[in-house]
Structure formats: structure tokens, C-alpha cells
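Going in written order, the chains are labelled A, B, C and D, and every chain counts its residues from 1.
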Amino acid sequence: MTDNRLHELRSQIDEINFKLLELLNARARVVTEISTVQTELGTSFYDPSREGQMLTQLESANEGPFSNETIKALFREIFRASLAMQEKQAKARIMVERKSPDERTVISMPDGYTIGAGDFRVIAGSCAVESMAQMDEVGAALAARGIRLMRGMAYKPRTSPYDFQGMGEAGLKIARQVADKYKMYVVSEIMDLSQLTVMQDYVDVFWVGARNMQNSFLLKALGQQRKPVILKRGFGSTLEEFLYAAEYIVSSGNPNVMLIERGIRTFERWTRATLDVGGVAVLKLESHLPVIIDISHSAGRRDIAIPLARVAAVSGADGLMVEVHPNPPVAMSDAKQQLSIAEFNAMMDAVEALAPMSSSHKG
Amino acid sequence: MTDNRLHELRSQIDEINFKLLELLNARARVVTEISTVQTELGTSFYDPSREGQMLTQLESANEGPFSNETIKALFREIFRASLAMQEKQAKARIMVERKSPDERTVISMPDGYTIGAGDFRVIAGSCAVESMAQMDEVGAALAARGIRLMRGMAYKPRTSPYDFQGMGEAGLKIARQVADKYKMYVVSEIMDLSQLTVMQDYVDVFWVGARNMQNSFLLKALGQQRKPVILKRGFGSTLEEFLYAAEYIVSSGNPNVMLIERGIRTFERWTRATLDVGGVAVLKLESHLPVIIDISHSAGRRDIAIPLARVAAVSGADGLMVEVHPNPPVAMSDAKQQLSIAEFNAMMDAVEALAPMSSSHKG
Amino acid sequence: MTDNRLHELRSQIDEINFKLLELLNARARVVTEISTVQTELGTSFYDPSREGQMLTQLESANEGPFSNETIKALFREIFRASLAMQEKQAKARIMVERKSPDERTVISMPDGYTIGAGDFRVIAGSCAVESMAQMDEVGAALAARGIRLMRGMAYKPRTSPYDFQGMGEAGLKIARQVADKYKMYVVSEIMDLSQLTVMQDYVDVFWVGARNMQNSFLLKALGQQRKPVILKRGFGSTLEEFLYAAEYIVSSGNPNVMLIERGIRTFERWTRATLDVGGVAVLKLESHLPVIIDISHSAGRRDIAIPLARVAAVSGADGLMVEVHPNPPVAMSDAKQQLSIAEFNAMMDAVEALAPMSSSHKG
Amino acid sequence: MTDNRLHELRSQIDEINFKLLELLNARARVVTEISTVQTELGTSFYDPSREGQMLTQLESANEGPFSNETIKALFREIFRASLAMQEKQAKARIMVERKSPDERTVISMPDGYTIGAGDFRVIAGSCAVESMAQMDEVGAALAARGIRLMRGMAYKPRTSPYDFQGMGEAGLKIARQVADKYKMYVVSEIMDLSQLTVMQDYVDVFWVGARNMQNSFLLKALGQQRKPVILKRGFGSTLEEFLYAAEYIVSSGNPNVMLIERGIRTFERWTRATLDVGGVAVLKLESHLPVIIDISHSAGRRDIAIPLARVAAVSGADGLMVEVHPNPPVAMSDAKQQLSIAEFNAMMDAVEALAPMSSSHKG
């Protein structure tokens, strides 16, 4: 008896559902027309005062059993869906979002070396340019393992104004010379758009540090030139914010953006940060941009470099970034986490055992 | 011209809105009937497979312009609203939730001393019972300031099995003697329900520590006796989880629960934890239970005790908890954060200048 | 000239260093003798009031240039080092700590199936026992892939007292029957030591959930029986606390403990928790216990199960844990993260491509 | 007997302690001399390779009972103490650090209105300049309560490039006009140093947002002009990083810096961020700079504005910041957290009941 009654009530629900569906789509059609008019008028789709009026009207008309609060919540969802549809119709969706499972951004360097095309890439080098001798020693070691993207950091963002701030243009010159000698590309951090001109002469790939992830002026300036950009996730930034930061660059005109996950800040103190490897998997689902895992800053310690490199190699990421120094204990920064050359070679052996790598410049 | 058109389109939207409102409430009425049937049948309101069927039907029927994804999202909101209504109708709402702005739980001790009735209360005492001499010295100091609720911790949950685990029943005896001497109540931590019997003889208020906040066996056991319970927020627990933990106690039969906020774990290291004072304000909005602020464990340092005590006094909380030791540097636990007796007196002066306090018992 | 002076001063430093070294070791020798006396007297090594006296004496005697604060800080380090040495001498070091790179705990099940011996292990099964049909369907699927350790959860710790709390003993019976049918072992969560007796009849491996990681009563009880224990990291717990929690079990007599990393709580919301894969690498350095990666609760979403399984397979962990349900959308808990059987099979393919696995019960 | 022996051994320890004290200070004296030489030579105090050599020497010489590891740890502490002493001696300490309990930075506006001198200050205004009507309505309401520092935000840092980015210079003009009309000062966010010139004409106090807290180029530029700067703590930044960011400004020449705490990111979701009120207390201990509490962004909800304002008023902070909008539900940003004018007035009543406020300008 009650079972029959339940069946009957459920049929009523089904019927109402279909009527709701019809009405929602009718509403969506009117909204589409409104979009056209608004575009002509040049007014914004989002009109909170109009929304406020509609909600007030509905509250007055509501006789329950849904509470006013529930009714308002449901209509706010409907407004949001309408607005989302308008925005989707009116302009391209978020550019960094992956629209199909096989969409991928492939970054090509001048000689055809690619990032994001399937080969697993290693970006390596010392935390900072300290001297020609140091850079040359590291450069030779990197070249011997087929590395093509070398860190050549000449401007160091530091917590304290009294810490070593990098060698500046002198450092860029050293990085350029070493890179040329070993047929590598210079990856170097830009901290302010005022540095763009001087860096253009020396740098092949611009690096935006964690502290600057949401520096929209810098991001837009990098979007208006064509060299690839490596964008680092802020240590306190969500994945959503990370993708929007990339969108600032891409929507300004430069599609050549790589994302680099470097660990987020948590309560755990045995590592410097907590590498968000699940976040990397999510980024690869959500976006077509190449993703790199920074195994140095996330760990803050060299003794877990090999397991982290192995993890990076199979995680779906397009590459990893690692710091290498001829003599880590005396490095001017990041002494605890830079690998010695021997440690770097051991790490490369581990990566090569797992990931397809090709150092050739054409392939 | 376009303005007129816009006006016209908006009238169409208004009309559709009212039809949607009507349909949504019609649906809610049928759902209410379904609830009655389901209660008779003893089946759960939540029926994900039925929801799955409805979504599939709607997807098949959908002709746009809303995408299937949008339609499913909107109907999921409708399902959620319906379920929420059912749950609200069918059973009492969460018991610890405040239903009206002036609802409050007042905890009365045997002699009429209250917590939660408006006076600001201070719970104080050493981190752990260490000796009769220590407890007596602290007890005298507390009594001199009108404190009625004294920490008498005899079982200490410790990170390491090799750390001091408390004096056990011997400690409870000391706490009881000192409390009796100074007409105070013993507040003491219970770590497992197997301790309940022995503790009943010595303890006036049970304390559940942060590590046990979600120990549902312990919570339910404390819900089946009548002595007040102080429930501490886990350092990694959300406010929602905190309230549900209290619900375990209250729904088991004991309404005399106080909540204690003791700071949550974050990346910041200059304090031991981050006191969530905004969370206290939210708890006071959401729940009728008394809320206490622990100024010792949240800070982990005694040098900010006075500003934190001032903050607690005006935050809307019903009291604060502070650790006091005759000689903090030699305390067996929490040496950095316990106040000396002089520091405690200074703190009390600061609190009394801001908050209404009354130490007198009723009778 | 200044260079010579620098050289000379550095020689003076070297000389002082050697004298300091000598004195520190002389001090350590006296401390060792004191340990012997204290052990005879049965008093604690840690004597904070004695430390307080020594610091006061040193402060009075200090004439700089080191400030009193610095002197006290240095002597506190010396005290700490002495205490550490005493503790190390007097009792075994932390038992869960790895003393040599090749030390490993291998857990052997009755038929010789091992965890921690090198083969990568998969623990799998539904979040909760819901019915015989569900368990049998999952059990068959697991057995087909050589899984030997099956989740058979009959007591579910839930945030809300109104959520499904598990089937209890009826669920244990189902789990046992299914496990026997498919020659698997039952892994099941224990929430309170009062459940130990009833569970002994059905369960092969005890599981301690994240909320109970620091429930020392439960840990000690599990240390006093011999079945293996899987200990889950609390979502707000540090690695140090995690290892000490394991120490509670091991120091109580049961060496058969596995650690399971399940993600920690952070600000990121696109995954349910943040899998601490760097933490896993550190655990493998610090401890000899097997470590398992929970790819279900850390992600809270099934669409990244394959990359996380791949990561687990090469991370140095000894296995992974994954939730599998015949029909995830209607599961009574964890609906978003349980894999369907097809998804589970795809995940197994991915793992088998990377990790040495052997399902045979002897080897 | 053993008691006598213990006494005797303790005397030996005391004797060794005094010798250690003497040696440590002798070492510190030599280090002081080395500092002088190094300053002449222009070399860095920190010389990790020298430290490495000393540790290697000590390891070779160590015969125990202290392990090499312990000896190295103790000497590293000694090296650290020496380095700290050198840094303290050689250059001014960190400029933003408070050197004595009564040191305070007082910021004076042109007409003598002060921040940091003891009166509690309220900075208020809408999240963004949206129109003259909106700004005028808010301006009038603020002026009526004696507010002197008005938000006039014309450049909005936004997560998405498609969100409202502020009115730009047109917004600055409106803010200036309204501020002049009501005798208030304009507080406005600067996002890049390229905006400095145009903003100089309209703005009285520069605001650096959370996303730019570590933008050292911007900080240094603001240090080279004299208008006051409000520096906001990054949501993922430690207090130490916060103070160093302020140091970038102060060490570049501008002492007029206020710190603003706006909540940090944690796992808790019932508030937008977690207000670090303990951090405010620590900042007031560590630094002489004025500290302001942002009760809007920390909460992200208006319904706890009054308790948070009360907390701010007694926390030791020098003021609070609150967002006010004539019609919050239709605000173009931060709709959930801006107060209506009526809510603002209620908040002001609460603050005035607790904190000394004086709106009168000096003259």
C-alpha cells in the first residue's frame, strides 16, 4: 500500500521535473537573447541589483514549503548557471582549460626541443649564479646528461633585504656564456616588469617565482612577449588561483606557459613544503599546459631527491626541476636542498629508468 | 529600442521565475508526502540510485540551451534542498545548533556556580598534577582570585610513549583534596572510557582533549553520565566537525557540554597554534553551547597571555582557560606556556577590567 | 696584514674548539655516571629544577660578550644533548626508527604472504561492508587480481552521529565469509579497545583510523596482541607524531605495524586532502616499518586514481590502499572516491606495469 | 650513599659548566675580533666552508661519549650564536624590530592625525570605488563617525583576469573628491611601481596587498617616497616574512609603515581565512610598527564583524580596517563581507565602548 503510494508520488515528481526542465531551458533562451542586447548596449552581464530585485520578488511570492532561504539559494544557482552560460557564449572559455582529453600545449624551443610533447624533461642548475667556475662546472655536468634547460638565476627574491639578492646582469652574462658553450637554454627568474628589457638579451625562458604568482602586471607583460614562461605556484595558492594566474599570461597573448608545482605550506616540518602530487594530477586533467614538478623546493632536503624524482617521472607531469651545485654546503642559498653533481647523476639514472627521455634537439 | 527590448525580455524572465517558484514548491509538497511514506517504511531519505535515474531521464529529455552538465548541477541543488527539508522536517535538527539568537546552554555546578549564563569564567591550573605542594600553591593562588574550576590533570596524553604520562589516581586524589580545601571543582582529562569509573569519584568536570575530539566511544560514554564535559577542538578539525563531536555527547543524553577552542595547526611557527578567534564568533552564532578560549595551548608562549586574555574577554566567549604553575621553567610539561602566579594575577587584572566576572556561588 | 690577523684569530678559535670538545665530553662522562646513580635511585633523568639552578648560576657568572640569553640557549642545548644521551644509553632508542639503511620490518601473514619484503602490495575493498552481495562482488574482483588484503570495515567512524556507523558484527561476519571464500585476509577498523574481543574472531589485520592515531589506550591494547596493525596518519598530525604513535604499539610488544599516509589537511580544496608523498619518502628513511599510500582518502576523487597509483608504485612505499565498490554512486560512504570494478582493474594494470608484485601466497 | 655520590657528581658538572662558560665567552671575544677584520676585508660573516672544516676537525678529534652527531649539533649551535652576535654587532639590527618595550612608530598625517600613538583607529570604506554616488554615500557615513582614513581602491588585484579590475584613474579622482569633501585621507592600493607617479596625485596612504607582500621592487619603491604605507600580510606568509617585507620598505628610507593582519589560509572553511590574533600580539612584541586588524577579509562574512571589532579593539592593535558599502549585496567585489552603513554604525558603537578613539585632528 505505502509502496504503491510511493510509486505514485514519484511519478508526480518525475512530471514536475520535466516541467522544471522545460522552464529552465525557456529561461535560458530568454537569457541568451538578453546577452545579445547587453552586448549591443555594452553593459555587463552581471547585474547584481537586478538579481537582488528578482530575489525580493520571489521571497514575497513564496508560500512554502520551501523556506525563503532555500528558494533564494536555488534561484541564485539558476542565476549563476545563466551567467555562466552567458559568459561561455560571449567569450572563449578560460584559455588554459583543457577542452578535450588529448589537448596539450607543446612548447618548442628555437632548435625544436620541446616541452609537453611526451618526453619527460629535466630543468636543472644551481639555485643562483655565483661565479663562472661554479656555472661552468654545473653546466658541463648537465650537458653530459643531455639537459637542455639550465637555471641561470641572477635576481633572487629573498625574504630578508639583507640576504644575497643575486649577481644581476653580471650573472646573466655568465649564464648566457655557459649555456652557449654547452648548447643549453637559459631559464631565469624575472621579478619585475622593469627587468624585461635587460633580460631579453640573455634569457630563453622566463621564470616567475612563487612570490610573484599573482603579480598581474608582470604576468601581463610576459603575455605580451613570446618567450616561454615557467610559472611557479605560490606556496599559499590554490590550484584554481594558479590556473587563473596562467590565464593572465595566456590571455595577454603568450600561449607558451609551463606550470611548476613546488609544494604548499602546511603544518608539516620535516619537509620544507608539502609537494602536492595530487594537485599535479588534477592540473593535468584541468589544463592543457605542461606541468613541471620542483623536487628541490618542495622537499627542502636532498636526501629524498631520488624517490621524488621517481614520483615526478610517473606522475603525469611533463618534467621535473632540480637544483644542482658543485659544492652544496657552501652554496649562497638553498644549501640544504641542492644536489651535488654525483647526486644529480644518481637522480638522472633513476629518472631514466622510468620515463621516456630524449635529449636530442630534433627527435 | 534595445532598452525596450531588454525591458520586455526581463518581464518574460520574471514570469518564468514565478512559474519556477510555483513548481519548486509543488515539488517540495510531494517530497514532504514522500517523507511520511518513507518514515513508515523505515527507509532512508537519501536514495542515490533514484537520484541517478532522475538525472538520466532529465539528460535524455534536455534539448538545451542549458548543457546537460548545467541541468544536472541545477537538479542536484534541487535534490539537495529537498533532502535538507526532509531531514529538517523528519527529525529534530542538530541539537547543539542554536535555534534562536537568545538560546543558550547554562551549565550549573552543584552549588549554583554557572558557566554560560553571562559571567565570564576562568578555568585555571597547572598543566598536570605533579605534587601536593605544587597543587596547593596553585590552588591557593586561584582561590584568591575567585577561580572555581581548577585543572587537575592526572592522565596526560603525550606524543611519545616515553614522556611523562601523568600521576594517575594518585594525582586525582591530590587534585580532589586541594579542590575541596579551596572550594573549587576539579576539571580533569579522560582519555578512555575505561577510566570513567575511577574518575567519577574525584572529578567534577570531564575534559576531552584535542586528540580525542572524535573518539566517538568516549563521547557517547560521557553523554550517558551527567557531569559537565569540556570538549576541546582537535588541532586539525573544522568547526563543523567540532560541533558534530559535541552532538555525539548531547545526543547521547548529556546537554552539559562546553566547547574549547585551542588553536589550529597552520604554517605559522611563532605561535604553537593559531587561535581561531573568528571561529569562536562563528561557534557562538551557530551553537547555544558555552565556548571557552584556551589562551595557553593556542599561543604556546606566556608572553602574549595578557593580550589573548583581553581578546577572550570581549570575543563573545564564555570564559578562558589558562595554565598556571608555581615555577613554570621546571614544569614537567608545557613549560613555555604556563604562567607563574604573578603572571596569572596580572592576567586576571586585565580580564577583570574588561569582562563581567562574578566568583560568588549562588547559595 | 689583515689576512694574517684573520689566520691567527682562526687558530685561536680552533684551539678553543678543541678545549670545548674536551670539556663537553668530560661533562658527558660525568652525566653517564649520574645516569647510573639515578637508575639506582629510580629517579627521572630529567630534572628541570636542577637545570633551572644551573642556568641561574651561569647567568650570574656570565660577563659576556655572549648575552645571558645566548648562554642560556647554548646550555639548554648541552642539557638536551646530555639528556638525549642518557635516554639513549638507558633504554633502546625509539623502536620504530631505522638504525641502518637495510633494516626493514617484514610482516608475515599466516600463509607466508608478506608486506614490506619488497613486493608492492595492494590493499583494497569497499569503504564499508554494506551487504553480502556487495562484498561478494568486490571480493571476486579483488581475488581475480591477486589481492590478498581486503577491507572489511564494519565500524565506521563518522563526523556526524546521524551518519551510517557501519553494520557492526553482522558486517564482520560477511567480511570473514567473503575473505574465506576468496582466500583473502580481513582488514578492519577498530575504534575502541572494547571491540578487541569481538573483532579477534573475524579480523586478520587491525586498522586504526586517522581520528584514533593518538588514542594511546587503543594503541597500547593493539601492542599487546600479535595481529598486524595498520596505523593511519591523522589528517592534522606531523610525521613525528605519526612515528611516536607507532612507537606506542611497538613498545607495547607488537612489531607488526604498517604506516599509512592518507593526506593531510591544507587550504587546497580540489582534492580532499594533500597526499604527502615527500613525507612517505621521509618515513622510509626514518623508519623500518612498511608504509602504505592511501590513494582514495587523500584524493577524495576517483579521476586521479591512476596517476596516484603510479606515484605510489615508485615512491618507495610498500603498497597502496584503494577503495573499490560495485556501484560507487550509491555507496553509503565515500561515494566520490571509490573506484568501480572496471576502474580498479585499470588501476591495477597501471600499477603492475611499474611495480614488482607477487600475489602468490608463498613466493 | 648514592645520594652523596650524586651530590659529588653534580659539583663536578657545575665546575665544568663554569669552564664551558668561560671558554664560550673567550671564543665570542675572538669572534668579535674576527668581525672587525672581516668588515675591513668586506667579506661575509657567514663562511660555510670554514664551518665545514671546523666540524670535520672536531669529528676527527672526538672520542666520545658524545657522538659525532651530537658534537656537530652542539658546535653548530655555537656557530649560530656567534654569527648572530656578529650580525647584531656589525650592523644595525633589523630596523622594524622593537628594541625597547616603549618604542613605537607614530605615523602623522599632514594635519596631525596620528596612527600608532595610542588612539584606536578605524580605516573604512568600500572594497572598490564603483561610482561617485556610492563613494559619496559611504564617505558621508564615515565622516559622521569621525573616520579619517578612507579606502579609495581603484586598482583591484583579482584572481581571474576576467573579474572587475577596478576603475583606474577615474576611480582615484572620485576617491580624491570625496575625501576632500569630507576631510578624509585616501588609502589606495598600488599593485606595481609603474603606478606610483599617477597615484601620487590622488593618494595619501599607499596600500600593498597580500599578493604583493613580497614584491620587493614595489616595496623598495615605496621606501623611496615618504607617504605612509599599509602593508598587508600575505595569506600564506609567516610573521617573520611579514616583518622582513616591512624591512624592505623601512630600510629603503620610509619609516611610515603600518602592518595589517588579514587572516591566513588554513583548512577551516567557515571563515574565509583564519584571523591570527595571536600573531598580532606577537607583532606588537617584536616590532614598533603600528598593527591594524582587517576584520573584513579575515572573516569573509559580515555576521561576525562586531565580535571581531571588539577583539581588535583590545588586542593591542592600533586600529582596524573594515569594508563598508551602501548596498553590500550588489557590490562588485567582496559582497559577502562588506558592512552596510547601519552595520558599520553598530560596529563603531561596539568599538567606541572598548577603545580610546579620538577623531579630532591636532590643529
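The working rule: a residue touches a chain if its C-beta (ideal position, glycine included) is under 8 Å from a C-beta of that chain, and two chains touch if they have at least 3 such contacts.
In this text, all values refer to a predicted model and were calculated from it rather than measured experimentally.
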| item | value |
| --- | --- |
| Target chain D, source chain A, minimum contact steps | 1 |
| Centroid comparison with chain C (C-alpha atoms), farthest chain | D |
| Centre-of-Cα separation between chain C and chain A, whole angstrom | 32 |
| Length of the line joining the C-alpha centres of chain A and chain B, rounded to whole Å | 38 |
| Junction residues of chain A - those touching two or more other chains | 236, 240, 264-267, 269 |
| Touch-based graph of the chains, sorted into line, ring, star, complete or other | complete |
| Residues on chain A engaged by chain B in the complex (per definition of touch) | 2-3, 5-6, 9-10, 12-14, 16-21, 23-34, 37-38, 40-41, 50, 54, 57-58, 61-67, 70-71, 73-75, 77-78, 81, 84-85, 236, 265-267, 269 |
| Partner chain B, residues of chain C touching it in the complex | 46, 48-49, 51-52, 87, 91, 157-162, 191-194, 211-212, 214-218, 234-237, 240-241, 244, 247-248, 251-252, 264-265, 327, 329-330, 335 |
| Residue ranges of chain D in contact with chain B within the complex | 236, 238-240, 263-271, 274-282, 284-285, 298-299, 303-304, 307-308, 310-311, 313-316, 354 |
